[in-house]
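Quick one: the structure is below, and I'll ask about it shortly.
Per-chain residue numbering starts at 1, and chain names A, B, C and D are given in the order in which the chains are listed.
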Amino acid sequence: MAAKQRFALLGSGFIGQVHAQNLAMHPDTELVMVADSDPSRAAAVAQRYGAKCAEVSAAINSDTIDAVLIASSTPSHAELLLTAARAGKAIYCEKPIDLSLTRARQVVAQVLPLSVPVTVGFNRRFDASHQQLKQHLQRGDIGGAELIQMVCRSSEMPPLSYLQASGGQMRDQAIHFFDLLRWLTADEVTVVGAMGSALAQPEISAFGDVDTSVLIMQMASGALAQLDNTRRTGYGYDERISVLGARGLAESGSQSPQGVTLWQGNQQRRPGLWPDWFSRVKESYYLHLDAFVRQLNGELTADLPGLLDGLQAQAIAEAAVQSLAEKRFCTVEQITG
Amino acid sequence: MAAKQRFALLGSGFIGQVHAQNLAMHPDTELVMVADSDPSRAAAVAQRYGAKCAEVSAAINSDTIDAVLIASSTPSHAELLLTAARAGKAIYCEKPIDLSLTRARQVVAQVLPLSVPVTVGFNRRFDASHQQLKQHLQRGDIGGAELIQMVCRSSEMPPLSYLQASGGQMRDQAIHFFDLLRWLTADEVTVVGAMGSALAQPEISAFGDVDTSVLIMQMASGALAQLDNTRRTGYGYDERISVLGARGLAESGSQSPQGVTLWQGNQQRRPGLWPDWFSRVKESYYLHLDAFVRQLNGELTADLPGLLDGLQAQAIAEAAVQSLAEKRFCTVEQITG
Amino acid sequence: MAAKQRFALLGSGFIGQVHAQNLAMHPDTELVMVADSDPSRAAAVAQRYGAKCAEVSAAINSDTIDAVLIASSTPSHAELLLTAARAGKAIYCEKPIDLSLTRARQVVAQVLPLSVPVTVGFNRRFDASHQQLKQHLQRGDIGGAELIQMVCRSSEMPPLSYLQASGGQMRDQAIHFFDLLRWLTADEVTVVGAMGSALAQPEISAFGDVDTSVLIMQMASGALAQLDNTRRTGYGYDERISVLGARGLAESGSQSPQGVTLWQGNQQRRPGLWPDWFSRVKESYYLHLDAFVRQLNGELTADLPGLLDGLQAQAIAEAAVQSLAEKRFCTVEQITG
Amino acid sequence: MAAKQRFALLGSGFIGQVHAQNLAMHPDTELVMVADSDPSRAAAVAQRYGAKCAEVSAAINSDTIDAVLIASSTPSHAELLLTAARAGKAIYCEKPIDLSLTRARQVVAQVLPLSVPVTVGFNRRFDASHQQLKQHLQRGDIGGAELIQMVCRSSEMPPLSYLQASGGQMRDQAIHFFDLLRWLTADEVTVVGAMGSALAQPEISAFGDVDTSVLIMQMASGALAQLDNTRRTGYGYDERISVLGARGLAESGSQSPQGVTLWQGNQQRRPGLWPDWFSRVKESYYLHLDAFVRQLNGELTADLPGLLDGLQAQAIAEAAVQSLAEKRFCTVEQITG
């Protein structure tokens, strides 16, 4: 049996607490320290799981930890990533590396030579259904991918303050699907066309954001992809990916909780979708952590999203931002130079 | 190309009109005459399809017809069946042969030696989905049948006058499923247990009828079957058959018209079931006619329900009636002697 | 009861024969004449339905007909349309008016002042599910349309000869959905972005066609739309439209024939989609004809696709063709001038 | 915040370990002691959750525990129940109280006057979908229950040794559904008819057991119910309950894990059912425990299955056993005297 990986959690807000619970629950990890810019929040989380509360730099440099989980606010990711890499720790870093692709590249360039294990928080790769979809593609069950359709629809507008700091719908919401698209197809996006509107909350156009958008993408292989995003549906959280191949269609579809069907008159009423993104995707955080830990323990696990994946998904997002702004197709190469 | 089979339609009420349209539409049949105890009704139907109006006996004995379709009121079936058989006509006879099993047996005993082609109106055998189900069973796709579950639920109570003349829920409604059960499994029912209540319309218990019933049946092979019947659902017409075999389940399930799905809040609303029995089963009348015509034209068609099938389904119905009345399991052998 | 509308059918190929059967079946129409550049084909169809065979111009100008149904080859549409309009006949004209938008406009300009009833063959508006979808939108059941997703996927590549004469995927296949989009939303497309590849049959790129394409569209209201097209799936014919509104999603989804579900091991297997486009859409031809006849008989029927609808859908197709060719977003205004 | 309820777990086999994990996970319970006839098994479970290992009687009588969870082998339930009740502990007792209904009644008669909180392990009442079904019935959403259909199908034959000690399919498997039927309808079963066969494993008929059975039941209200049971499907674990009321149908249906749909040729393939009973029902153990703890903490929770529920479900099972053996309808009154 492998020794437990001892983690420091950096950042104990909403998503940090999700990670705290997973670190406490996983048989091969131990939550040793919790650090947060708000010490009282760190203390509360630490106490709940029997961990210690620590200063960020003390946590990173402690001999009693093997790995850090960076779940702090986005602007601090890059610095913490670099510090932890220099301290030789294994790193699970929430996405994005930095909202500035330039800054992200600089940090990645410094971190890569240090050769520490790093995974970037594209947890949706670990959705159990998306994993099955990937297996069908890898086994060639439907032939080569020709047309990929992706739906990313959140149930409710986030607070305005969140949106203002988010980098916009492409960098904050769609980015997960840019990564999924690359991962599922083992192919690269070359051209992006995007259109968007602020329909659910028109005032966000004041800072250049949209809440509803449609994208088309050309892949290097000639395959074509679609993505639509909305920040607010009236019907729960809807995440779907279907891939049309030369010999059929494979679909990781909308998901609903179990429940009762009512048949009355000329209608049947069934449970709708999961009410929000978190209820749908929460299990994938655990599965991502599990894959990372198995990697650290020397078990072979393919497809862990790494630093270069982080940069590439961001590059596609930048191309999409440019396409939205300039109302033209944009190549990713333009961004990656 | 085969010559057209020239039909006389005997009885032009609701179901007779269904047959009239099918006879007019089928490329290999010709509706030549229509007879009815109500001549004005016969005349209207005849005119609509370019047929002649005739007396019943004249129609049966005319040289210009090859076949009769008996769709008159139940008490006249037996006599018309016998007359038409003696006239050497091919016969499609609506079920039942006669409400009295004794009378039905007498007529069948007289008709069989005449060797005319006869099919009895168990049209549901020709439901396209039930046919697929039968194929799966015949091919052994799910292994031997072990547990058959059947649901037969009409959407609305028929008029009281209909019910009073119907012979009761077992002889009128459930009888189709007794036939389907024998046909699908190629097995015979040996014991029946039935419970029933008049829940939707309590006054029908005055003449000994029920509108809701549940049945269990033992088959000669040891397989077990269930059937439930209701005369009135609040959700359309529901007909379902599933067969559990040693290697899986095959299900000819509830059917709905196409339509729109609405996703709102925490619900999805889809089209419900067909509104009534006729919208669900109407195509099977045509398919049954087609199979009969192909048989007359010398094409091999298996599984046409014949006179002995009619008697056997009635025997099961009688055992069910007895079980309901005497509150005990009843053997079919008791009935068939 | 209204007098029957007497039709001449112009063109008796595959789709002409579909119309012939509908004209014969409809209680308020009469198929009087059939004309075709191949007289033997016309004769066969005429005989089957008890109609006369005629020269095209004789048919159009005959006093014994009230209406013409133009189902001849595309290049002849415009001329026949004009001739029939000048003869004062009501006209059901298969789409497109002409592959050349310029020519189409010229003819429409001449036909409109003649004030004869004309409908253009956008039969998919009469799909029963799409009609329900439209009703939900009109009643405001899901609030204003914000994001429309359309899927148009044929099961098999048409013959190369067909493709070469078709005008390409935008003008031939996608055009139905440009019309559906305008009709469903009562909104206009302003900008189109399209990407396409010849993946199923690479040789069609020799004449500039694609078999797989993805499109995004901006609507005048700010709403956004997506469409994907393929000429060949490995899973039957897939046509779907969903509309996300401010208060939910309404979906006219993929359609399958009825059949059996098999549950075995860890899988359920259900019937797939309709095998080809015709089995899915054939009913809509009848319903379109029916709506046109009711309009001729003075019954109010909204939403019959007219000449201007034909031009507008073609304009969107031209913008899409331009976007594909020039790899940029194109406005429809550029086309319509 | 309520004090934690301190539990002793009596019995640490498969189901005891399920309870151990739930007791460790629940925020308001504490797993203090584990006792088992096999001390090494108790020790292993105790260690995993930081509990102590104890003798059974010491555990029951310890001042440091408030409640016991009886998950030992069936023959020991009655004695432990009585001992714990005399010690004044709250009790969660796995079903059945005793395989002998006579013995079960004797113990219940002794325990009831002691007025300790007791719940009997009918955990399926706490299935989230069945709970929704109950709410629909209580609110009258579908009117009064008229026809209840229940399906209870396990995926794989248990070991022969298990079956020999189980009391047979009625007492071991169907009993959960006798309880669910009473709970959902708030009605009592009056008459039972049952047929059964040993089809999956014929040798179990040597000790009078069946693996496939169908039952019909009359309720005091006149409502009718059906149940089918099998020990081995070829398609996973299938548990379903539907209730037909005067105004529609409510269905807590078959449940499948999430996954990918493959559309190929003329088929769609979807995930099948949960592979076994435990994956389907495991959550209900936690929810049952949670309801019990909330009751202990003075929060109102209705519908906790109690000792009398245990006796009544067993009485129905005895009537079913009698019906199977004697091939006649049996009243429950005959059993309850």
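The rule is short, and it goes like this: a residue touches a chain if its C-beta (ideal position, glycine included) is under 8 Å from a C-beta of that chain, and two chains touch if they have at least 3 such contacts.
Not measured: the values here are computed from a predicted model.
Enquirer: Where among A-C, B-C or B-D does the A-D interface show up again, with more than half of the contact pairs the same?
Expert: B-C
Enquirer: Among all other chains, pick the one whose mean CA position is farthest from the mean CA position of subunit C.
Expert: When every chain centre is compared against subunit C, the largest gap points to D.
Enquirer: Measuring from the mean C-alpha position of subunit B to the mean C-alpha position of subunit D, what distance in angstrom results?
Expert: 42
Enquirer: Just how far, in Å, is the C-alpha centre of subunit D from the one of subunit C?
Expert: Comparing mean C-alpha positions, subunit D is 58 Å from subunit C.
Enquirer: Where in subunit D do residues touch two or more other chains at once?
Expert: Those would be 142, 234-235, 238, 247-249, 263-265.
Enquirer: Drawing the touching chains as a network, do you get a line, a ring, a star, a complete graph or other?
Expert: complete
Enquirer: In the complex formed with subunit C, which residues of subunit D make contact?
Expert: Residue list for subunit D touching subunit C: 234-236, 238, 256, 263-273, 275.
Enquirer: Give the list of subunit B residues in touch with subunit D in this complex.
Expert: 142-143, 146-147, 149, 151, 153, 191, 193-197, 199-200, 212-218, 222-226, 228, 230, 233-235, 238, 244-249, 327-329
Enquirer: Give every residue of subunit B touching subunit C within the complex, in rising order.
Expert: Residue list for subunit B touching subunit C: 128-129, 132-133, 136, 141-142, 247-253, 255, 257-265.
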